[in-house]
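Let me begin by handing over the structure; questions about it come next.
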Amino acid sequence: MTVLRKERRGDKLERLREFWYIYSRNKLGVIGLAILTIYIAIAVLAPVIAPYDPKARIGSPMEPPSPKHLLGTDELGRDILSLVIYGARISLLVGVLAATITMIIGTLIGILAGYFGRFIDDILMRITDLFLVIPGLPLIIVLAVVLGPSIWNIILVIALISWPTTARLVRSETLSLKERMFVNASRVAGASDFYILAKHIIPNVLPIISATMVLNVVNAIILEAGLSFLGLGDPTHISWGTMLYFANRQGAFLSDNPMYIIAPGLALVGIGLAFVFISYALDEVVNPKLRREGI
Amino acid sequence: MKPIVSVKNLKKYYPLKKGLLYTILMGEKEYVKAVDGVSFEIYEKEIFVLAGETGSGKTTTGKVLVGLEKPTEGEIYFKDQNISRLNPKEWKRKGLRRKIQMIFQDPYESLNPRSKIYDILAEPLIVNKAVETREELDEKIMRKLEEVKLIPPDEFAFRYPHQLSGGQRQRIVIARGMILDPEFVVADEPVSMLDVSIRIDILNLLNSFREKYGVSYLYITHDLATARYIGDRIGIMYLGQIVETGPVEEVIQNPKHPYTQALISAIPIPDPEYARRKEIIELKGEIPSPINPPKGCRLHPRCPFAMDICSKKEPPMIEVGRGHQASCWLYEKI
Amino acid sequence: MSKETVLLVEDLHTYYFTLGGVVRAVDGVDLEVYRGELVALVGESGCGKTTLGYSIMRLIMPPGRIVKGKIILDGINILELDDEEMRDIRWRKVSMIFQGAMNSLNPVMKVGDQIIEALLYHNAISSVEEGRSIVKKLFELVNLDFERMNSYPHELSGGMKQRVVIAMALALNPDIVIADEPTTALDVTTQAKIMKMINDIRRKMGISIILITHDLPLVAEVADRVYIMYAGKIVEAADVYSMFKEPKHPYSQGLLSAIPSIKGPKRRLEGMPGEPPDLRKPPQGCRFHPRCAYVMDICRTKEPVLKPLASGTKRIVSCWLYDDSYSKGG
């Protein structure tokens, strides 16, 4: 009699190990994770790494890159490298946290509406539509007045105005998934709605979720600057978003120091890429069809 | 002998989506009458075939029987239990999920591409709490894989559906349907997606479960050749109703209802000499819409033998042979 | 009766050069079609029958490529034509009813206009009026009401859509029509009507038809001759009567004995063991040998050739069992 090979069956720890095994075979995924780790390290260790105090004027305005100031200075004579390094703190916090909250709300509402349908769908989708059509600007101004300025409120507001797009996408995917035959098969097997959602629907909407996550992170980092200026935050704090805003106002591209706009821009591209790569690798983990032979 | 499943006057209507204004103005809602008064019985260890063309309502009937759809009207009895109005929780509580199962048509669509075979087969056992230990779970899965001839089982258990061929996948679909050791199984076109050389093995496999465990089947198909191969009795469906029923061989060799006659005459025969001699009985036009089916006998606008009464009164089931009934005015004894 | 050859395929190889390896979808196929006959090309999914059809239309797209061979249509080797010349021949001399074509009609365009547009594209007509009169003739041919030309695809039943697709394939009066599973998606009663219509048109217009299908009973009903294809090769060819009465190749025998029928004695049937091979690495020797009940030593090492069963006959088979040069049983 044959016995099922135990070591391949997998309890939780096994699954985690398998997950990592497949993930780590994806080079892009590892690169993405590495970039993210480096970014986080930079943010945490900013005071140690940064060559100057980012708020101090240590040179003349708009100095081009030099050995002293590797990325030059801004219009106030501050060191751009230090600004970018310190900017990682707020930008990462806002980007990742806001995108995560967006993802959680959007996914939850999208899945519930799509899966349960009928009046639950109607109610949830009308609420979604409401958030989609409310002009963002007045909402933000009102919230700024009510909530008062703080970085946490910025995160909250970004999530509040971003989730409907995710919810719509997830809902339409769920709608088509729940009609798939394997969901019916699970129902006939006696699986509860909760079980079907956890085992069949969510793993199959994951690629969509991770794709929107990428967009949401980048979006949130840029939105943060805008919100700071509208009074939800302190516009003098240092983030990539505010840097880009000021650089743009200075016409940094045509100035003596184009690094003023290039540096925070590249930082943003880097974090975006990191999330794209991670989402590729995650997709491979949850979608066995994409895996290479031999796994 | 008592039937294991009996279906009485089953109806399933789907409301047509129309605007609110339309409903107010026209006063009534329109329905797609997918199944419209179907009755049949299935006995122990029997394979009852529901055959018909697209839109005849055969698949909807199957879905209602396993509780995937709620009937609009009519009763379904499993043994002595009326199961037609039960909700999913009651199905599970009364242990019906373990007794009534389904085998799906499309081996590519009906397996979650992201689950391993092991997890696909474990699901019914876990959600029905049919096993207590890990070892028992392993053991059951392994045994079923062996029974569907996927040997050695651990060659297959840890693969994903896309790594298997169509025939192997269909064996997984069958293993999943059989893993709870059900008494009654609805098999919805289980071989229609497969290559000819594989079909027979799958049919033989279904038959082996009947012989070994006494499973009864409702076999849903559009293919009367496989119906004849595997079935005991058959119901021919047209526009949501059974128009003829009886022993498979009797119905196929000696069809009484004009629709059955036309259907059977259209089936190609793998014998060139015979095939070229046979006459095809043609029905006029195409299947009418199930929203407003013809009054009287539903076939009358297309029937070559239509009489006056056919357009006025719906024909009852009339005995035309031993256990063989047809719903056609031609056979009414005057 | 002398038969005129319309299409001759010789030693055709069509491969797909994929990342996972070279897929030998068509690997040395010979095929002959006479004027006015209906030839069935039978095989299971993945045997290369559709690729063969596309090759004859010269519609193979990268990563696929016709590697070698000849396709002689009315005396011209179409593999030597340039793209411009081929475009001229395609549809005029050889056209195809693609599998599932009835579901790929443009949903927002009237079906008549779709045919007229195609005619215009091929410079077959000079005005829309002329197109309408051709559509009228075509619709008559396929038993569709002329008014139907103003319908959108969703207003038509499956059978009607298939008639439109067939009308399109016939629009330029081709010599050969390749019909790839033209009735698979249809109900049997509709299938019977469509096949009868195709056969009537064939007789009336004297065109030849290559019917690509896996449905053997259908073949018995309509075909004149049958080619059986397995793993990229033709394994047997015969007239339909001999093929069904006495198949020679073990694969043909297996296929024919695995189909249930509504006539004849009811008996237990057996399927064929195993699965068709992966065409990236087909087995050595005869490609059927791992599944063959009569396998001999030579089958594992040397590929059999497709040749006449006896001199002078039209029955050809590719199997060592029938090869005189190899004495069977040792």
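By written order: A, B and C. Residues from 1 in each chain.
Here is the rule we go by: a residue touches a chain if its C-beta (ideal position, glycine included) is under 8 Å from a C-beta of that chain, and two chains touch if they have at least 3 such contacts.
Bear in mind the structure is a predicted one, so any value in this text is a computation, not a measurement.
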In terms of C-beta pairs in contact, which of B-C and A-B ranks higher? B-C
Note, CA centroid farthest from chain B's centroid sits on chain A
Approximate Å spacing (C-alpha centroids) for the pair chain A, chain C: 52
Between the Cα centroids of chain B and chain C the separation in whole angstrom comes to 32
For chain A versus chain B, what separation do you get between their C-alpha means, in angstrom? 48
What does chain C use to touch chain B in their complex? 44-45, 157-160, 187-193, 196, 214-218, 220-221, 223, 240-241, 244, 254-256, 258-264, 266, 268-272, 275
Residues of chain A touching chain B in their complex? 2-5, 8-9, 180-182, 184-192, 195, 199-200, 203-204, 286-289
Under the definition above, what is the set of chain B residues touching chain C in their complex? 53-54, 165-168, 195-201, 203-204, 222, 224-226, 228-229, 249, 252, 262-276, 280, 282-283, 286-287
So, in the complex, the side of chain B touching chain A is made of residues 66-68, 88, 91-92, 97-98, 101-102, 104-106, 109-116, 118-119, 123-124, 127-128, 134, 138, 141-142, 146, 152-154, 157-158, 160, 162, 173, 176, 180
